[in-house]
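You will see subunit A twice below: alongside subunit B first, and alongside subunit C after that.
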Partner chain A sequence: MISLPVVLAVAALLFGVGVYGVLGQTNTIMIIMGVELMLGAAMLNVVGFLRYSHPHATSGDFFVLVLMTLMALEGAVGFALVVSVFRSRRTSEADDLTELSG
Partner chain B sequence: MSPNGGTFTQAQRAEHEMLKELVWLSPIGALTLAAAGAVLLAIVLPHRRQALVAWWVGAMHLAAAGLAAYVWLDRGFRLTMSGTIAVDGLSLVFTALVGVVGAVCVALLRPAVAGTDREGELYAMLAFASLAAVVLGAAADAALLALALAALGLATFVMTGYRRASPTAGEASIKYYIFGTVSGAAMVYGLSWWFGLGGSTSFAVIGRALPHAPAVAVIASTTLVLVGLGYKAALVPFHFWTPDAYDGAPLPVAAYLSVVPKLAGLIALARVMMLALPHNTVGWPTAIAVIAAATMTLGNLAAVAQRNVVRLLAYSSIAQSGYLLMGVAALGHSHLGLAALVYYALAYAATNLAAFAVVQAVQRERGSADLDAFRGLGRSHPWWTAALVLSFLSLLGLPPLSGFFGKLEVFKAAIGAGQAWLAVIAILNTVVSLYPYLRVIAPAILDPPDPASLPARRSAPLSLALVVATTATVGFGLLAEPLVNLADHARMLTGG
Partner chain C sequence: MSDLATAIVFWPAVGLMLAAAVFVFITSSMARAGLLLLASLAIEGLVFLALGSRFLGFLQLLMMSGEMVIMVFFMVMFMPDPGGLMGMDMTHDKRRSATVAVAVTAALGLVAVLTDWPARVVGRGAPDVRAIGFEVMGRSMISFLFAGMTILLAMVGGVLLAKHGGRFGLPAAGDEQSGEHSPPEERS
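So, the complex of A and B:
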């Protein structure tokens, strides 16, 4: 039987994997995927709370829809930026972006 | 009468109520129209007519500012759209501020990007950013906060990477993007916990539940929410993107970034903390005060080492975030906090725009914004130098300029809130910040003019923006008392 703590634990694990992806990966594409996992964890959290603790909180449904939209938009803009930089620099490695510092 | 008759009239009444609320949302409507219209105009108009997009966006920004004043004077404050958008003194002042700042930034942008191949779209992105910032400043609901924060981020990432041919622009926008989306995702995860603890996305409802929730869960989720808003406001330790983004972006975009998203983040922070964590739950004012101290100290110390004036202004804007944050830290204990925050926000916006406008004028003529480019400016360009001196001394906080009264108000608020130690740190910081600011001003006045000085390159919109911003820098200082009284009326709606 799945219960709220299980859902929250899975979401926390997902969030942890996302954070690891953001901090541990050097490729911008992989970092974007990490961010998507973090957002997925938030959505799973809200859905879990909606199902088990607050079944009548309709604003939660709306929240999940908003987060889904955010995920798509952030992905789209992120990949566009990576393509734009790749065209001029021939790299998608975040560690190679060292022109600006100080 | 049908059995559904009662609910039908109820639905009709609800619809009527929502239509009436559109008056309160008219400033947001004007900015929506500005953005949508700009996209259409940018597509339809031929390349040489793209200046019309700038006129449209600038005029609609001013219209939004005017409508904000009208709503305040004629309609008063109200929670609209089922309590998700707070149209109150705080959000209306911020809307008017964004309207004027947006118009000034369009005037600064035009000479910088005229004739480039995506000019119209840049004005459209600026309008979208202003729209998102205004919604962020008024959001009383977690879903709307997440939406506005992400929309503001996406618009500003694209604006930062505008000069596609430049190698630094792409790097700046990618760095800005990574920091922005990661901190935004962390905030959203924190908000999902708030939803679970409160049973609603409304901050007012969350605020009734959080004081009784387990402290560990509240502290952890609040920290995550702070990450997202702290990044927007460039607070330590989420400030790393700031100098790179300002350096890589076109200068007028950097001027915009240093004012609008930063103040939107701070105002959203003030609103979220007051609504969701009433009665100083888990001691957030102390945490905010510590962040404020760290932010101003790090900003000022890092500014000392900079040789590029754009990066110097970036670190200076981080330091200014710290002073502004003192107003937020005082909110929980003293009514002075909000008035101080609002007045300082006005003073900071005027002062920083004036400073960026001067740097843009100098960079336009000399091709560089290094310290050396400012040597001997006093002889060749007395008016620019006057604006430079006034704006930098206002950033430093010298009377009778607006920056001085802004600092005075936040210091008073901090002492009133029992955070005298923070006021002491802020005063020490002001002393440290003498060096970076004077390092730009002194050679400009004292050094002989550069023998290879080029003839002045004039630009009417740039000069106009410079005059407006500098006048406001001085004027807000001379009108400090009535403005602080006005700011004291800029209350926040806490019901809902």
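So, the complex of A and C:
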């Protein structure tokens, strides 16, 4: 049986990769991809805790469903904002977006 | 699933998931990055399966397949070089980003390894997250419905306000008033 600290450490690695993506990428869509990886790590944490604290219960899967919905929403709203910014600025590079107006 | 079968599925899946996640930010092609992210999150479904969550494992595979394919379309639409043939650099502050990422990973990893997690598993009869489910679906349902509607309104409002031209759209040609501050009936 895989122990809980191992699952949490794997999730920490995945979260770290997501953090690198969010901080190091210039394109807005790539930043969204980093956030997706961070949410994936959070899901892995929740599944790990559920399996090790309540291995016989399935009702806790509800929390992972909420996280999956959050991932889809984050993508939908993020893409809507990218479309909106691209219409006015003709770019999706985060480095070019230095002003709130215009 | 036996311990051996779990290990046979878990460790390769973890390796592939992390490798695909790293290559998302290494490759210069946005299309490849989207497909690698799809691979990473779909393989995470295999990790869920190895941990005994069959429902969540298959759901993860289905959800991520749909979502990531849509993401690849957006990348191809918005990137000047989606195929990565021009060798564009899409990164900045690589060293500082890597430093922060390593620090965050180390901190979380230390918490995971050094914390004294309880060894026993909660018994079948003990109160569990099922109680939270009954609370959510019972007397607190109105509160959660209200919170959900508020979040939905915030998302719709945020996207509308971020639209080019604001809430009322762009002003008509020859119109002196800005479309941002006047509703359509006042502009005519």
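The rule is simple: the second predicted complex is superposed on the first by the 94 of 102 C-alpha atoms of A that agree within 3 Å, B and C clash if a C-alpha of one lies under 4 Å from a C-alpha of the other, contacts with A are read in each partner's own complex, and residues count from 1 in each chain.
Following the convention adopted for this analysis, a residue touches a chain if its C-beta (ideal position, glycine included) is under 8 Å from a C-beta of that chain, and two chains touch if they have at least 3 such contacts.
From a predicted model like this one, the values you see are computed outputs, not experimental measurements.
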When subunit B and subunit C are modelled together on subunit A, clash or fit: clash
Which superposed partner A:97 touches (first subunit B, second subunit C, both, neither): first
Which of subunit B and subunit C A:67 touches, first, second, both or neither: first
Which superposed partner A:31 touches (first subunit B, second subunit C, both, neither): first
Contacts of A:54 with subunit B and subunit C, given as first, second, both or neither: both
Partner chain in contact with A:7 - subunit B first, subunit C second, else both or neither: second
More subunit A residues in contact [subunit B versus subunit C]: C
Contacts of A:42 with subunit B and subunit C, given as first, second, both or neither: first
Residues of subunit A that lie at the interface with subunit B and also at the interface with subunit C: 8, 11, 15, 18, 32, 34, 43, 48, 53-54, 57, 59-60, 62-63, 73, 77, 81-82, 84-85, 88
Subunit A residues touching subunit C - in the complex, by the definition given at the top: 1-2, 4-5, 7-21, 23-27, 29-30, 32-34, 36-37, 40, 43-44, 47-48, 50-65, 68, 71-73, 75, 77, 79-82, 84-88, 92, 95
Touch list for subunit A against partner subunit B, complex: 8, 11, 15, 18, 22, 28, 31-32, 34-35, 38-39, 41-43, 45-46, 48-49, 53-54, 57, 59-60, 62-63, 66-67, 69-70, 73-74, 77-78, 81-82, 84-85, 88-89, 94, 97, 99-102
List of subunit B residues in touch with subunit A within their complex: 141-144, 146-147, 150, 153-154, 157-158, 161, 164-165, 167-168, 170-175, 177-178, 181-182, 184-186, 188-189, 191-193, 195-196, 199-202, 243-244, 247-248, 305-306, 308, 311
Subunit C residues touching subunit A - in the complex, by the definition given at the top: 3, 6-7, 10, 14, 17-18, 21-22, 24-25, 30, 33-34, 37, 40-41, 44, 47-48, 50-53, 55-56, 59-60, 63, 67, 70-71, 74-75, 78-79, 90-94, 96-98, 100-102, 104-105, 108-109, 111-113, 115, 117, 121-122, 124, 128-130, 133, 155, 158-159, 162-164
